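Read from first to last, the chains carry the letters A, B, C and D; within each, the first residue is number 1.
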Amino acid sequence: MMTPINIAATSVVLLLITGLSAGLLRRNQGLLIRVSFILSALASFMATASGIWTVKNGITEKIILPIGLPDLPFHLRLDALSGFFMTVIGLLSFFVSIYSIGYVKGFIGRRPVTRLVVFYCLFIAGMFMVTLADDALFFLVSWEIMAAASYFLVMFEDEKVENRRAAFLYMVVAHVGAIAILLSFGVMAGLSAGFESFSGFTFDAMRQAQFPVEWATVAFLLAFFGFAAKAGVIPLHVWLPEAHPVAPSNISALMSGVMLKTAIYGIVRVTFDLLRVFPWWWGAIVLTLGLVSAIMGVLYALMQHDLKKLLAYHSVENIGIILIGIGLAMIFTSFKMPMMAALALIAGLYHTLNHAMFKGLLFMGAGAVLHATHERNMEKMGGLIRRMPWTAVFFLVGCISISALPPFNGFVSEWLTFQAFLLSPSMPNQIMKLLMPMGAALLALTGALAAACFVKVFGVVFLGHSRGHHNQNIHEVDWSMRAGMMMASLTCLALGVLPTFFIEWTDVLSESLVGAKLSASAAAGGWLWLTPIAPERASYSGIIVFLGILAAYGIVYVVLHVNPGKIHRGAIWDCGFEKLTPRMQYNATSFAMPIRRIFGFLFLIKEDVQIKKAPHPAFPKRLHYFLRVRDRFWFWIYMPFTAAVFWIARKAGRFQQGRIQTYLIYSFLTLIVLLLVKSL
Amino acid sequence: MILLILLGVPLFAAGVLAFVGDRRLAPEVNITGSAATFAAGVALALQVYEQGPMTAGGNFFFVDAFNVYLAVLTSFVSMTTAIFSRRYMRREREHGRVGHVGMRFYHSMFQLFIFAMLLCLLTNNIGVLWIAMELATLSTVLLVSLYRTPTAIEAAWKYFILCGVGIAQALFGTVLLYFAAEKVLGEGGDALLWTNLSQVSDKLEPTVLSLAFVFLMVGYGTKVGLVPLHNWLPDAHSEGPTPISAVLSGLLLNIALYALVRCKTLVDGSTQSHRAGDIMMWFGIISIIVAAFSLLRQKDIKRMFSYSSIEHMGIATFAFGLGGPIATFGALLHMLVHSLAKSSIFFTVGHASQMHRTQEMDRIRGLIKGNPLVGWGFILGTMAIIGMPPFGIFTSEFLILTATMKDAPLMTPFFLLGLGVAFAAILRKVQFMVSGDAPSYQKPMKAAHLPVLVHMALVLLLGIYMPDFLNQWFHKAVEILK
Amino acid sequence: MEGIVVEILQVTVLIALAPLFAGWVKMVKCRLQGRTSPGLLQPYRDLKKLFSKDIVLAENASWIFRFTPYLVFGTVIIAGAVVPILSTDLPLSLTADVIVLVGLFAIARFFTALAGMDIGTAFGGMGSSREMMVASLAEPAMLMAIFTVSLLCKSTSLTRIAEVISSAGFIAKPSLAFAFLAFVLIAIAENGRIPVDNPATHLELTMLHEAMILEYSGRHLALIEWAGMMKLFLFMAIGSALFFPFGIAATDNIAGIPAALLFLVLKLGAAGVALVLIETGLAKMRLFRLTEFLGGAFLMATLGMLSFFILE
Amino acid sequence: MDLQTVSQINGFLAAFVLLTAFGMLAQKRIYSLIHLFAWQGFFLSVNTAIVAYVAGKHHLYISSVMTLSLKVIVLPYILHILVVKLKIRKEAETLVNIPATMLIGIALVIFSYYLTAPVTELSSLITRSTIAVALAVVMIGMLMMITRKHAVTQIIGFLAMENGLFFAATSATYGMPLVVELGVALDVLIAAFIFGIFFFHIHTTFDSLDVEQMTRLKEGD
């Protein structure tokens, strides 16, 4: 029977089968790649379709599988929320799967492709299962399958030590997070149905339950900790910029693009669906951490010169922006302002989708660059726009979108977030009123810095002259990779210019979670105008901006080209300076210098310049510049923690100190003590 | 009848193997013997599954849901271990680490050991239970020192002395138990029969039983390897030949725990309090924490996994101490999946250390590249043992954790702390061993594939689907242990 | 219908008068510094000259470099179509509220900066880097100032704000005063005037905006220069719309347009003089003193915000 | 003879057993240790025999004979042989000095009396008062294993514990069921052979039976 959940389940099964049977085609890897990635693309497409369908019609369906624990079988449920996230995940993994056909070809003969394929499929399947899960056990199982699969994918190029370190760090943080999540589910289950039966572990039971606020707080904090660890919220982000870059780029795209979103899903699910009622300060916590992550994330990103690491830090930033929306939604909900909550929530979710798209796109682009140049260090790139025109265009689209510039999608969601911020004066809470606009300003700062960062990225990677070795065989990537990136870019544009359709689509979602529709007002002025509250309040029409710019461009162009002056190609002028070499260009480090100067106090910066003296001090022979920017949180949080653990471990080692007499004494004393305890 | 076969086969095989010695067919005989044992075990299980608990040999033997599933497990793991040891021991022989006296000794003692364990499980007599336990210890002591290296001998000596002392205390406990029982059941052998004792447990003298339990706890606890009675375990499990480590970690600990739990139910029955349970919980939690932290600084691969055995036994003990249907169910499941996973890990570990001719983890590298099956078996087994879904251990730990949150919420953080640290500690080492390029000194070898595959398959299966008969069994067992 | 007319009128006014305003500023400046001025119409002559010249394009210039001038010009025109320069009766004003307006300027800047890096000269990169730095500090302050006003008017749509403020004559609000101060500082920064940047300089190391467009020539340069003038003009218009909206013709009051035009000219004249006073009064700052300058702007805006919540 | 005298005899024998235990604790020379151990076994078997006679438990005769043969003859003999074979001249020095050990031993006796008091009350047997002694012997055996560094002495301590257990069985319950007794005896026998083998292994690998050398297996710091 064709219902959304069946389609979704089918796609999961299809993925699992594809993954587990990948070994059969081990011999013919070219075929293996084509078959498995086309199949996974198909599965992702099915999932997307079912997700869109679910959200559109507000369907809610359940399946109970006959597996799992005897008293706690696996519950599956596809409702608006999971449908939405399924769409997000499915859409990107569809693009990436197509992209991978070309990308993974590059590994044949160099790396174990089969392993990549197997875990790729498991990874996507895991993410789908997370969105489908409707009881704590199945959720955790899927969650950890996802984590484990991505762990092996991060370890893919395992001969490099830093990859292994990154993978390990990632896995440990993820697992600690999972433990916290498990605990929070435990708390909720205990409060909902008691531990006598397992029924408490189904989400339905939790939905029915009424939680006393202090226990609800415990549950929320645990869950938020767990999910934040997965989402890379500062200060739990340290694993992220290590792990995401070292994975193959199609995987990085999925990890940054959608895996982090499963954490967002978890937060929304737990707060808005399971706990439902909460005090405003929960939202304040989420909002604050969101702001911190956003601003710190983008600043750290600016300091990077490793392309993929930079993008990874931007994921931290964007997760922060998403959390801002969700935090606002929580605050508004706790103040019983459904309409505004809906606005903030939709802003957050919209940015979730947008970030999935453009971050996926950017990582695919980075992958294409990597694929062509075998280089991740931006300081060695430059001028790629001439070698890889298509990739350049798509990457540029990604840059514009992530920098929140109209008319692309990143702008819309941030614009909605701003609107949500501007509604804060209607809150009853005074201090919130005062602080909100500051948050808005920080968000603005984030956006501006992101723009700066991506000028740097695009300028350094694609423009100018090549800074590194001029290897001639850099070439444009093949059709499948281009297709993947193109579809992503088009989606970015579409989401940017036609926001109203998205908002109408998500009506069910906002209604089921916060009890208010946005479309009533948001699309009041017709599909053309996005008017979140009321037309006179604020309005935006991406498509008109887009077409308007195009039109103005066209008119001016035509006007000027009725009789155009000639164009001479000439040498670079550069104020008449002749001996210009590529090494005189600004590179990533120098581009970020002013901002590094301004915000330097946030980092651990080690910088020194060695000048080789020459006959005359004014003309040094050679100048060696060393710069190292490090993350303070590493030293604040992680170092002390590990140190403590190892200290305890040393103490525990004392038990086993080799002399049999001592062991006998242990046993003897244990006996004596127990006897005393018993007889007392 | 089946029961006698089940016990007779290993004993007979032990004799035969002592005679066969180091001939070419010895491993095959070994395998056949344990296969037959396994067959008998399954048959017995079916019988019990259909007809319910039964006694045999004039009340000398007693089979119920609790011990029959352990019996099947024991015979199964010993069979797979025998299969594994065929290739493994041949390799050791080639390396000249064991002479043919050693091989003769190894094979027959292996079977004798299995016999002792089965006797432990199936006997109805608490005294005989003790004797069999001692026998199991004695039959493995010399296997631990099989390699005659100084460390091996040291380990075996510690094993011998510490377990001897421990078990002696258990005997004192048994005497006290008998002392109390005889008041109720009159003198003679019947007073030590589990079947009778469990009937009248509420009439037994509480003061005596609680005194007895202390001795039994320390005694059998030593064999379970609970902190602070555990010190022999890492040495003994790491110095012996790997098949022995596999069965010691996988089976013998279970058996000791079985004995402990049997006694505990009696004591609970008489004292009508949760005293015994509390003691076990404390032992469990301490074992978990100490073992987890000790894991962090291990250098020897087998030693590390011995510590992880301590940790998991701690978990099971904790759960049994916790009591209640969910926890007991979880504990039973945990015993099952742990022994499957742990033994299969030891299989792969054995091959790994043979490929590198060392047990030092720093020198073991690139297993996946060197031998995919060993590598993947190892890393997946590790994933299972550190409690990643979808493997069975996650399920059991999930159950136990649930029960903990219900009955002993304050213990939960420590429990989880232990699990978390153990996770990090083991993964940290293992991923470096499986990943990377194969080092120059790594020698390729033919690994015994079947055992690893079967074990991992079972662990995975139990993680996502629990067959109905197993479910019923566990529920029956839970009833028994209530 | 007349809405369309007004739109077209506005855009033409913007395009036509922007150079004039620039010329006016130049002229007043010269007078103030006791030089003879090139006259009010000099900017038109410059543009004409540039348009008639051929383009010399660096051999490695990519399409970004050639695309940028048109884009910049286009965005400024769109911006002009939504800012109530003459009238609030703008059908397109729904298209973009003030946040989008900031976004529009941002995208223009984004591409200008890319163009600066396209050729791969040292100066281009320097210009882009510094420009983006200044922008990243200016934008939050700008939005902060705007938010103050929009919180006051419960709207972010410029026309709406203009209507509200002109209808209710509450000019004398501390929050508005602070916001206005902040806005002035930002306007200076955004348009690269002294003390932030010196449009007239050709000393490379002190250039910000100029450095980015160093390689441009011919009509490309013309478009960029023109767009620059229009941007300055627009900022003045935005300022008037936000803070002194009197005189701007209200909806369906086509008759008010001429008067509005007159008012506009007067306001711009005054604004020009004020700008010149600032520029001649101050010297260009060192790059890293700008943080203080823009920080000050941000502070002003924040104070405006706080006083809105506390005092009003 | 009447129960009175029996219980007195029993008490005396118990006292002797305890005395031998303390003797072993104090004794340094291995030969004397072995002799003391043999004596202890002898007292045990006599005691068992008497109990068997009084209580009319015939299977206790068997275990008494077993004790006699095993713990008075076989084990001391084996130990003796080993000591001679392995040329163990060296005195078994202790970790803690003798008087201190003694004090601890006495403390243990008191403690075990305190522990077994409730059990004793429950018992109706004439031998009940000796349960405390049995437990004390067990603990003293353990103490001996702790305080001695020599493999042989450790084993003797171990066997002393075994004696204590056996004593406990007889005194608390007139002995365990026969099958258990036999099994235990069997185990002891096997154990004897095993430690016999061990002595050789240890001696060949470490060329002395000092267990202090066996401290390689530990958590390296």
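What we mean here is this: contacts are C-beta pairs under 8 Å (C-beta built on N, C-alpha and C of every residue); 3 or more make two chains touch, one makes a residue touch a chain.
The structure presented is a predicted model; accordingly, all values stated were derived computationally and were not measured.
> Using the touch rule from the top, work out which pair, A-B or A-D, shares more C-beta pairs.
A-B
> Using CA atom averages as chain centres, what separation in Å is found between chain A and chain B?
From the centre of chain A to the centre of chain B is 44 Å.
> In whole angstrom, how far does the Cα centroid of chain A sit from the Cα centroid of chain D?
70
> Need the CA-centroid distance for the pair chain C / chain D, whole Å please.
Centres of chain C and chain D (C-alpha means) sit 102 Å apart.
> Taking the mean of the CA coordinates per chain, how far is chain B from chain C in Å?
Measuring from centre to centre gives 79 Å for this pair.
> Show the residues in chain B shared as contacts by 2 or more other chains, in ascending order.
In chain B, 157-158, 161, 165, 169, 211, 234, 294, 297 touch at least two other chains.
> Which positions in chain D touch two or more other chains at once?
As it turns out, chain D has residues touching two or more other chains at 115, 142, 145, 154, 211, 214-217, 219.
> So which bits of chain A are touching at least two other chains?
650, 653, 655-656, 660, 664, 667, 675, 679
> Return all touching chain pairs.
A-B, A-C, A-D, B-D
> Spell out the residues on chain A that touch chain C in their complex, using ranges where they run on.
It is residues 382-383, 385-386, 396, 400, 403-406, 411, 415, 418-419, 422, 425, 433-434, 437-438, 440-442, 444-445, 447-449, 451-452, 454-456, 458-460, 463-465, 525, 529, 531, 535-541, 544-545, 548-553, 556-557, 560, 564-575, 580, 582, 584-587, 590-595, 597-598 of chain A that touch chain C.
> So in the complex, which bits of chain D are touching chain B?
Contact set of chain D toward chain B: 115, 118-119, 122-123, 135, 138, 142, 145, 151, 154, 158, 161-162, 164-165, 168-169, 172-174, 176-180, 183-184, 186-187, 190-191, 194-195, 197-198, 201-202, 205-206, 211, 214-217, 219-220.
> For the complex, which residues does chain B have touching chain A?
The touching residues are 157-158, 161-162, 165-166, 169, 210-211, 213-215, 217-218, 222, 227-229, 231-232, 234, 275, 279, 290, 293-294, 296-297, 326, 368, 383, 388-390, 394-395, 398-399, 401-403, 405-406, 412, 416, 419-421, 423-425, 427-428, 431-432, 435-437, 463-466, 468, 471.
> For chain A, which residues count as touching chain B in their complex?
67-70, 137, 140-141, 143-145, 148, 155, 158-159, 164, 167-168, 171-172, 175-176, 179, 182-183, 186-187, 189-190, 194-195, 198, 201, 645-646, 648-653, 655-656, 660, 662-664, 666-667, 670-671, 674-675, 678-679
> Using the touch definition up top, name the residues of chain B that touch chain D in the complex.
Counting only chain B, the residues touching chain D are 125, 127-128, 130-131, 134-135, 138, 141-142, 145, 148, 150-151, 153-158, 160-161, 164-165, 168-169, 171-172, 174-176, 178-179, 182-183, 187-189, 191-192, 205, 207-208, 211, 234-235, 239, 294, 297, 299.
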